[in-house]
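Please go over the structures that come below.
One chain, chain A, appears in both complexes that follow, with chain B as partner in the first and chain C in the second.
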Partner chain A sequence: MAEYIIRRTFQMTIVFFLFLIFSYLLFNAIPGNAFSNLLLNPNLPPDAYQRVLEIYGLDKPLLERTQMYIVNFFKGDFGYSYKYFPKTPIELISERLPRTLMLFSIVNIVAFYTGFFIGKVLAWRRGSKAETWITVTSVFSYTVFYPWFALMMLWVFGYKLGWLPIGKFLYPEKWYDAPFDSDVVFTSMIKFTVVISLIQFAAYLASRGIESLSLRRNIRFGSLITIFAGSYFYWNNGDALIQKPYASDIAFHMILPVMVVTVVAFAGTALLTRTTMMEVLKEDYILTARAKGISQKRIRDRHAARTALLPVVTSFIFTIVTIIDGSVLTEQIFSWPGMGQLLLQSVLEEDIPVAMATFSFVGVFALIAHLLADVSYSYLDPRIRIKSQG
Partner chain B sequence: MEENFNQDLQKELRREAIKRNWQLFKQSKLGMIGLYIVIFFLFLALLQPFLFLTGIWNKGVYDPVVGYEPIKDTLLVVECPKEYPTEKYESYQDCPAKGEVNVKKLYMAPGVEVGDMYETFIQPAPPSRRHILGTDSLGRDIFSQIMEGSQVAFILGLLSATLGVGISTILGTIAAFFGGKIDAYLMRQSDLILMLPSLPLLFIISAFAELKVWHLAVVLGVLGGLGGSVITIKSQALQVKVKPFVDSARITGGSNMKILFSHVLPNVAPLALLFMVFSVTGAIASESVLSFLGLLNIDMSWGIMIYLSQTDGFIFSGMRYWWLILPAGLAVTFLAGGFYLVGRGLDDVFNPRLRKR
Partner chain C sequence: MSKDVLVVKDLNMHYETLAGNVSAVKNVSFSVKEGESFGLVGESGCGKTSVAMSLLQLQADNAKISSGSISLDGIEMVGMSESELRKVRWDGISIVFQGAMNAWNPVVKVGEQIREAIREHYPNNTKNENTEKIESLFKMVDLDSSIMDRFPHELSGGMKQRAVIALALSCDPKVVIADEPTTALDVVIQDQILKEIKKVQELLGLSLIYISHDIAVIAEMTDQMAVMYAGSIVEIGPTDQVFSNPKHAYTRLLLESTPSVVGEKKKLRSLEGEPPSLIGEENGCSFSPRCPDPSDKCKSGNSEMGLIEVADGHFADKCCVECG
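Right after this comes the complex of A and B.
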């Protein structure tokens, strides 16, 4: 196993190297460059464009630039952004990343739980009228044309009803005399969310082994109450008290995007869970459990659903990888200034250092997730031997 | 003589198998609904050339891109108040109401007084008997655009799905069957494709290449075929490879190629077909997203219809101009959903563990 992982890491390094060269050449294949618009400005002296190109080193031949970029990349130097000059790509990413993570981690957690629960119920109530209708709804939300749906929701909730804000992630007028950056608030919100989900997960793990259903339910309910009480204390004491109005402003702006993306995202999990769950229900041990006279709910939750969880979790790992990729469209529609918008803008404006940095950020994420998925497969299914994968 | 008989028998067996599978497919209600939806859109796609060829539709009026027909309408001239709300209008959005026109907009037509009836050409025109779904802001027939869009969707979806699944089935089976270095190379190649964020990548490609329907289909097909689907198909092929009949074929002396093409590939094929139906959904959605963002060089498609209704500012006008917003969005959703449901029905056929009893 260790040998396999080492060999894989070696291969991954080569792939990453090729990826860097490929995407650098790809960005340079786009006609024009980031400074082309200087040529259109009649107030600038004629040699200004040439001088700017020289400053940024864009006048050198392509091969030399590629070589320099890759050498510097492995030294840890990502250059400077062309558009936001004194900032480096790392600064830009660390500014944008918390916003995207905040939005999409909540979406993914909510979508995963609702999707898994609905899929479980769907497979269990097979053939009933409710099943057909829920399936039709989830197929609709799985295949709905997403930008169109998001715009319709914006129209209904933001414009017609006027309940929720349209676009942006805060009201600027509320932040004029704020003593800190919005990123500070985002960071503490992320910390808060992570702690909450860790407590919930720990309660789930601790109560998993308990046989009695009612005790288990009570423990989980108790953990929920602890979370509510804890969050009340957290937001009313110390630093968090000052941040509270600002955090609530951001949370208010998050409602609509979270809702829309969850509606679109839960269906995938629900439909996948339904399929795997139905396969599991044909297994012999479910029949055995039925013969033993175990209650229906118990068979559903503890015998079938647990086995059906495995492929769903694997697909969930891959969903996490595509967070940044998938956020491009959402952030564009809701004008949420996160990683997706940074990625899109840097590509469209040919801000090559930023685009390369974000691309490689996404790429490293994808590589590691693929490795994790492969390793977990070989643990889950011993028939697929790791040796045969080379 | 005997050969003939064998061939006939094989044909008979194949016919039987198709009949049995069709019976199984018919049992899944949702799969049949999906099939009806797909057939409906196929009918729409084929109806348009028929209508043009037989001359029922005049090309000058009904052409989805350059057609034009002015629709005459009579409007009541009113004066919009300066302050809201008044008795008649609640806010500035309500004036002029349906069938009315603001007198201030008519400075080009002198001599028109408040209370007159004013004759004008309106675009976008609401649905009428001549234009079932109305016309867009350039006076083009929406129904004809929907038909054109379904042609684009079918060509693009089917072509890119066939290409992508063809590539990924062959590569995935080879990777699973031979293993070793070939497998490692193919997997790293699909890693490379997976690492590139798909939407920005398509942006870059559309920046230096003029993407038409065919080009986009090939690009989507190749990217999909080399990317994640190779991994999925490979994992299916690995499960086939460890089945006993492959071993027995090897013991009886079958060559690698023979085993690969006549034993492993046919057993992966149903799953590949299934995968293809599902990837049509993805291809249709990708095309619509790209046209929605205005990056494709296509004359007309569902995505472009939504793009136009958004850039012309109708999408936030609510249901007043519903024929500009709803048909295109629902068409994308329903066709993608139809293919998805067909895939679900096929899943029930090929995967015996999903059947009811």
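Right after this comes the complex of A and C.
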């Protein structure tokens, strides 16, 4: 396995290198003077302008400049934003990234779980009325024109009913006298989510080896209770208590985008799960499990769904890959100032250093996610493990 | 005289299909005694698997048991609720499926799949008790205990089959059904597996229902046997009796179409014609079109059906007994 990962990492580095050169050349092929933005930036004193030109070779011919860029890139120097001069692309990304991650990791997890659960039940209840209706609905939300749907939802919930905020990720008036900026709150919200997921996962792992099924269930249930109690305690004490009103403001702004994207995203998982699961249910080992006297629910979850999970997880990881580029549209519609907007703005404004840095980030993210997909697949399906070792 | 463990009476089962009802099991009656091995033989499609599935009430969704009774240790199984059935399955009757190679879930370790069955029926066992149980089962079928931690794809066909036998024995069932357990294996392994089953059956005093299309295997494996034709039992009795004195023309044809390894060389007869369609009602003797020597009454389709006793405990179809 280790050897496999090393080999893959090596391949990935080469791919990434080519990707860098190619995108840099492409950005520079955009007609017009790419760094006129920098020139027009009022924050930039003339001598600083001259220095930036020299360091990054902006007045050099394209090939030489590309070479300089790549060298600087691997030294960890991504230049300065043309638009927001003293800021570096890294600063911009680290400000935007938590917002996008927070929104889209929640969306993806919610969509994956509901999709998987619904698909599982659909396959199990095959032929019932409910199955037909839910399948038709899923096909609708899978095929609906997403921007139209999102705008309709905004119109209904934000404008007609007025229940939810229409755009942005916070009410600025609430934040005037906030003792910290939104990124701090975002970061602690992300940390909180990660810790919760880890606890839940640890409880799952710990209870796996227990022989008595009822004890197993109780431990898992107990861990849920602990998480609820723990969350309550956490948000009502110390730093978190001060952050609470701001965090809930952000959470409130997240409801609509999460809902809309989930409705669209769950359907793919649900339909895929339904199909694979229906195939699995025909397998002989499902009959064996029934003959053993195993309960229907356990056969569904442990035998059928576990095997049906394989293609679903792959497709899920490939969705994760598209989080950032997929976020362009969503963030534009919901005016959510995240990575997607950064990507779009920097390209439109020809802020090449920022655009390059964001694109590289998306690229690295995609490569790593693909590697993760392969590794996790080989864990889920023991038949593949052999091949990757050999 | 040991007592009957399983008694099947006048069992009728059909599949509902678009082309009509397929009567796969017609008026089947037989019983299996404690520690006895019972054979069910017949050509492909005659309904052997359908009988086995009915015994576990695991028949396909389109299958209906229309009448009859199956009683295990005096407890009636037809009409039981799903949760009652779950208790009887594996603990009362377990099965080695036809094509048992695919009986293993590919993503779960072999040991875990056996453990799961034991855990279901003996929820109070400790982990160690279950491990010991599996080890002893593996020992019985000549498997190394390290197989427990392997995934199904890591085992050879023969090993998988042995493990399936261990799985079938894991909850000490009263009756084990083996539905052509050696179909997918090569001849040498087939022989080993047969010996294994025989050994285990005698060792544990199991009640075994052995299903095969190969009458030679039935001869080797069983004490009592039944010959099935087109969904009905046409001859039933002690195995050696049926062999030495077959009463039904179909049994004789089966015997003549099987090469015997021992004994004098005979010219083999091939079984001509097709088994009849099981769809719809038919009158008279279903074997008539293939019978080498049918009586006029049989040909006209007016013969009475039903088993009659031809010798002590040996029954055969009335029509055919009268013909031959």
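Criterion: the second predicted complex is superposed on the first by the 324 of 390 C-alpha atoms of A that agree within 3 Å, B and C clash if a C-alpha of one lies under 4 Å from a C-alpha of the other, contacts with A are read in each partner's own complex, and residues count from 1 in each chain.
We adopt the following convention: a contact is a pair of C-beta atoms (placed from the backbone, for glycine too) under 8 Å apart; a residue touches a chain by one contact, two chains touch by 3 or more.
Just so it is clear, the model here is predicted, and its values are computed rather than measured.
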>> By the touch definition at the top of the document, which applies to A:Pro61: first (chain B), second (chain C), both, or neither?
In response: neither
> Which chain makes contact with more of the residues of chain A, chain B or else chain C?
Replying inline: B
> Counting only touches as set out at the top, which of chain B and chain C does A:Leu213 meet: first, second, both, neither?
Replying inline: second
>> One more residue to check, A:Pro45. First (chain B), second (chain C), both or neither?
In response: neither
>> With both complexes overlaid on chain A, does A:His303 touch chain B (first), chain C (second), both or neither?
In response: second
>> Tell me the contact category for A:Thr288 with respect to chain B and chain C: first, second, both or neither.
In response: second
> Residues on chain A in contact with chain B in one complex and with chain C in the other?
Replying inline: 383
> What residues on chain B touch chain A, complex-wise?
Replying inline: 29-30, 179-184, 187-188, 191-192, 194-201, 203-204, 207-208, 228, 231, 235, 238-239, 242, 281, 285, 288-289, 292-293, 302, 306, 310, 315-316, 318, 325, 328-329, 332-333, 336-337, 340-341, 344, 347, 351, 353-354, 356
> Quick one: in the complex, what on chain A touches chain B?
Replying inline: 11-12, 14-16, 18-19, 22-23, 26-27, 29-31, 126-127, 132, 135-136, 139-140, 142-149, 151-152, 154-155, 159-160, 275, 278-279, 282, 318, 324-325, 328-329, 332, 343-344, 347-348, 355, 359, 362-363, 366-367, 370, 377, 383-384, 388-390
> Considering the complex alone, what residue numbers of chain C touch chain A?
Replying inline: 56, 58, 82, 85-91, 94-95, 97, 99-100, 102-108, 115-117, 119-121, 123-127, 130, 151, 153-154, 167
> Where on chain A is chain C touching in the complex?
Replying inline: 209, 211-214, 283-285, 287-296, 302-303, 306-307, 310, 380-383, 386
